[in-house]
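Consider the two complexes below, in which subunit A is the common component and subunit B and subunit C are the respective partners.
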Partner chain A sequence: MSFLRTGLTRTLQIAALLALWQVVHFFTQSVFFTSPTEVFKAFWQLSTVGDMQGITLQKNLWTSFFRVLHGFLWGLATAVPLGVLLGLSNRAYDWLKIVIEPARFIPPLAWIPLAIIFLSGEARYAFIIWLGTFFPVLITTMAGVHSVDRSLWEVGKTFRGSTLQLIWKIVLPSSAPHIASGARLGLGTGWACIVAAEMIGGESVGIGRMIVNYGELIRLDAVVVGMIVIGLLGYALNELLLAFERYCFPWQQKVTL
Partner chain B sequence: MSELVYTNINKTFTTVRGDTVVAIDNINLTVRDGSFVCLVGKSGCGKTTLLRMTAGLDVPSSGSITLNGEPIHGTHPKIGIVFQEDRLLPWRTIQKNVEFGLELAHVGAAERKEKALHYLDLVGLSRFSEAHPHELSGGMKQRAAIARALVNEPEVLLMDEPFGALDAQTRLQMQEELTQIYLRENRTIVFVTHSVDESVFLADTVVVLTPSPGKIQELVAIDLTRPRDRTAPEVIRYMRKIMAHF
Partner chain C sequence: MNLSARKRLLILLTVALNVGTISAPSIAADAAPEMLKLKLGYNIGSLNREVFLETAFRQGFFKKQGLEIEDKGYAVGGQIVQDLVGRNLDVGLVGISPSLTGVARGGDIVVVASQVKNTAPLIARKSIKSMKELDGKKVGTPGISSIQETMLLYLEKQNGFKTTHVYGKATELVNYMEKGEIDAILAWEPVASQAVAKLDAHYLLNTAIEGAEASMVTMSGKMVREHPKEVVAFLRATRDTQLYIASHMDEVIAIAAEKTGIPADVIKNGMTRSKLFVLPHAINMDSVRLVAEIDIASGKLPDIKPADLDQFLRKAIDESFLKKSMY
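Take a look at the complex of A and B:
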């Protein structure tokens, strides 16, 4: 029942928003201010016929998704081990602090010139998305390791576990919920970098590329289709990962963000 | 055979301001094989510190602790501990929690399971082997923690106010169950508590400690058969005797 009610509320919300948009469009009388109907038409055309190069929306989206996944997995593979190390060892953190702390404030966009010069092909996309993913995952992993209950570590010690055993059997499971939340946030920031990555990627396929191409033509209806699709896919992925977290960590208090 | 001997144990701390505080002042004590010893005293008398030093989680500033004549350096395979908090791993089932120590010691899966189920049965938790800690009550979690300590078959079981966080009724019940476990398992137990009636109900020997600095005030041998009647005149007499130091 509550499920039905939520569904109904959501539908009404979206309908109201679209109606408002249509009304504003009507009064602005501008060729640039696109309307829901135009966006829907563009959506239909992009997904059936394809864009100006004949590439369908699905193909663009799929390609971008795998690019994000590629950079994201690299992000996880590097940020999680480093986060565990820096979380466990204050000395290691002290050593790397002067590099890591400033580096995380450099926006991925600022790295674009370097990426263009030093990388090509798939690596360029992966690098920009890796940048977007790496720091959120690193910081949450470190926080997760810091939050490990010292008293549980002591239990492991009284059973004479080796440091490696205690990391594997206490630190990692204990910080896993933090790492999973970090991964979810990292996937979000990774997605947010896709347009930047595809601006410089050179290939003509990809949702970000599509947005840039139509932007140059001032075809805002198609641009908005791209924006909405990115937003919805990100939302769906986030919900999926949230459900995964709840399933994996029932012993943790509820996560919602 | 397991004899736990404390010789000239001292422990001093340095505070943030740089002052030296004597927490334990020259404690000498022998815990005989199979005996049940309670360390009783107000907070600050060093009873928990003494227990943690026995478990290898703290180091005495001077003096030695030996088990069967061998000095204890760090944690010891023959010494198990139950803390005031259950300290169960929340992501593991109760059975997997009990298996934890065996797992760290690389014991095979079949043997782990067999032993875990045996001790879960001993503490009356067989039905909950597949539950997670958050699904259990405080008393049940503490029973699981006792099973986890027993499964490694320690000669000496240390207990640091294990029932301190439980409600009064559960606490009495747990004391009775622990008496049964002690009678059946016949392991040496060193039990820290600030509750005099708990110590008289459980122990063969009550070690009364006084605070600042922590010192042994008196050793009281409780010469009563188990299980004991909490309201019996002899029990009350022992309680009075110990209470006199508080």
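Take a look at the complex of A and C:
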């Protein structure tokens, strides 16, 4: 019943939003303020016929999705081990602080000129998304390691556990909720970076490229389709990761973002 | 937060907002009383800034006409049209194709003159000897809205080949070609002459259609309606600039070479092949019609029916200011 009620509420919310949008469109009377019906028509056209080169919305979406996934997984694979290391070793953090702290404030967009010169093809997109994912995961992993109960670590040492064993048996399980939250944040940033990454050029496929192309042609109905699709897919992935967190860390029920 | 802390925060916010307002005065307040300040957009890397505008500024052609120009660089013409339509620009030195797109989408903009013709060169790796050999290859253009994209569609249709279009900033296409990501480039000059000088590449065409329109003087509807005399004045300044460039070619190329870091002979090669900035401002309507037909067929102008083309072009183009500027 609760599931049905939630579903009904969500449907009503979306319907109200669409109705409000249509009303605002009616009163603004601007050719640039696209309406929900125009957006739906553009969605249908892009899904069934494709864009001007015949590339369908689905193909654009899957291409971008795999780019995000590629960069995101690289982000996780690099940020988690480094976060654990820096969380455990103040000396290592002191050594790398001068590089990491300024670097995390450099927006992924600022790296684009370097990415164009030094990287080719898919690696270029993966790098920009990796940048967007890496730092949120790194920071939350470090925070997670710092939050590990010190007494557990001491008990492990008393039982002559090696550092690797302590990390595997104590640090990682304890900081896993933090890492999962960081991954969720990182995935969000990764999606935010996809449009920027695909604006780089050098490719003709991708949801970000599609948005840029139709933006240039002032086809705002198709631009909005791209925006909605990115938002919905990002939302779905976020919900998936939240469900994963709830399942794996049921004591962390406060996690609702 | 106690009351005094809130007050302090409020005062800080008020001061910060006021500082922002004071330090960003309106454009009109900045300009001298008799000068009209215009915001102008141009494509980065097209020599519009380094040759055309630089010459006009150095020789004071705009000032002589009572105009002060605030110039802004854009990666691609579609973005210039976006800002013209959004009323963030008064004038755009922008391709015919994006200009027509802007009008077709209901944008309040008008094309008043030609600025540059040609500048749609096709270059390819030396292993590619003819256009037919481009079939199935990747060709870079400055963007889906660009006139160069339209010209690539035209060449494909005329010569019976099909390529994968790859979009990127014109200035970065050479880099993509160097890394093997694309096989050919159809972009503006001096991108082509740079690619040929730097890479193992050669010209397949100096320009897609000889004498076809490329970059136009496109103005916001507001500018045209509220400042018609200044529109004429602007066109007089552009004509003076054009005449100066034609008679001082080596001088302007030397300045452009210094500004861009591109060797003078490379700039000269590109400018000579496309006859940049020296052809008349009268609009080649045959080429405009052709561009519109290609754009309608490709879906770039989905709102225009072929039967309504004449009516659409009359709405998009107004040469009356250009005629007035000649007297």
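To be clear about the criterion, the second predicted complex is superposed on the first by the 252 of 257 C-alpha atoms of A that agree within 3 Å, B and C clash if a C-alpha of one lies under 4 Å from a C-alpha of the other, contacts with A are read in each partner's own complex, and residues count from 1 in each chain.
Please note the rule applied: a contact is a pair of C-beta atoms (placed from the backbone, for glycine too) under 8 Å apart; a residue touches a chain by one contact, two chains touch by 3 or more.
All figures in this text were calculated on a predicted structure; none of them were measured in a lab.
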Practice task
State whether A:I218 touches subunit B only (first), subunit C only (second), both chains, or neither.
Solution key: second
Problem - Partner chain(s) touched by A:P36 [first = subunit B, second = subunit C, both, neither] - result: neither
Exercise for the section: Considering only touches as defined above, state whether A:S120 meets subunit B (first), subunit C (second), both or neither. Expected result: second
Practice task
Answer with first, second, both or neither: which of subunit B and subunit C does A:T158 touch in the superposed model?
Solution key: first
Handout entry: Complex interface listing, subunit C residues touching subunit A
Key = 76-79, 81-82, 85, 98, 101-102, 105-107, 140, 143-145, 164-169, 172, 175-176, 179-182, 298-300, 302
Completion exercise
Counting only contacts in the complex, subunit B reaches subunit A at residues 55-57, 75, 77, 79-81, 83, 85, 87, 89-92, 100-101, 103-105, 132-134, 152
Completion exercise
So, in the complex, the side of subunit A touching subunit C is made of residues 31-32, 52-53, 116-117, 120-121, 200-204, 209, 212-213, 215-219
Exercise for the section: Using the touch rule from the top, collect the residues of subunit A that touch subunit B in their complex. Expected result: 149, 151-152, 154-161, 165, 169-170, 173-174, 176, 249-252
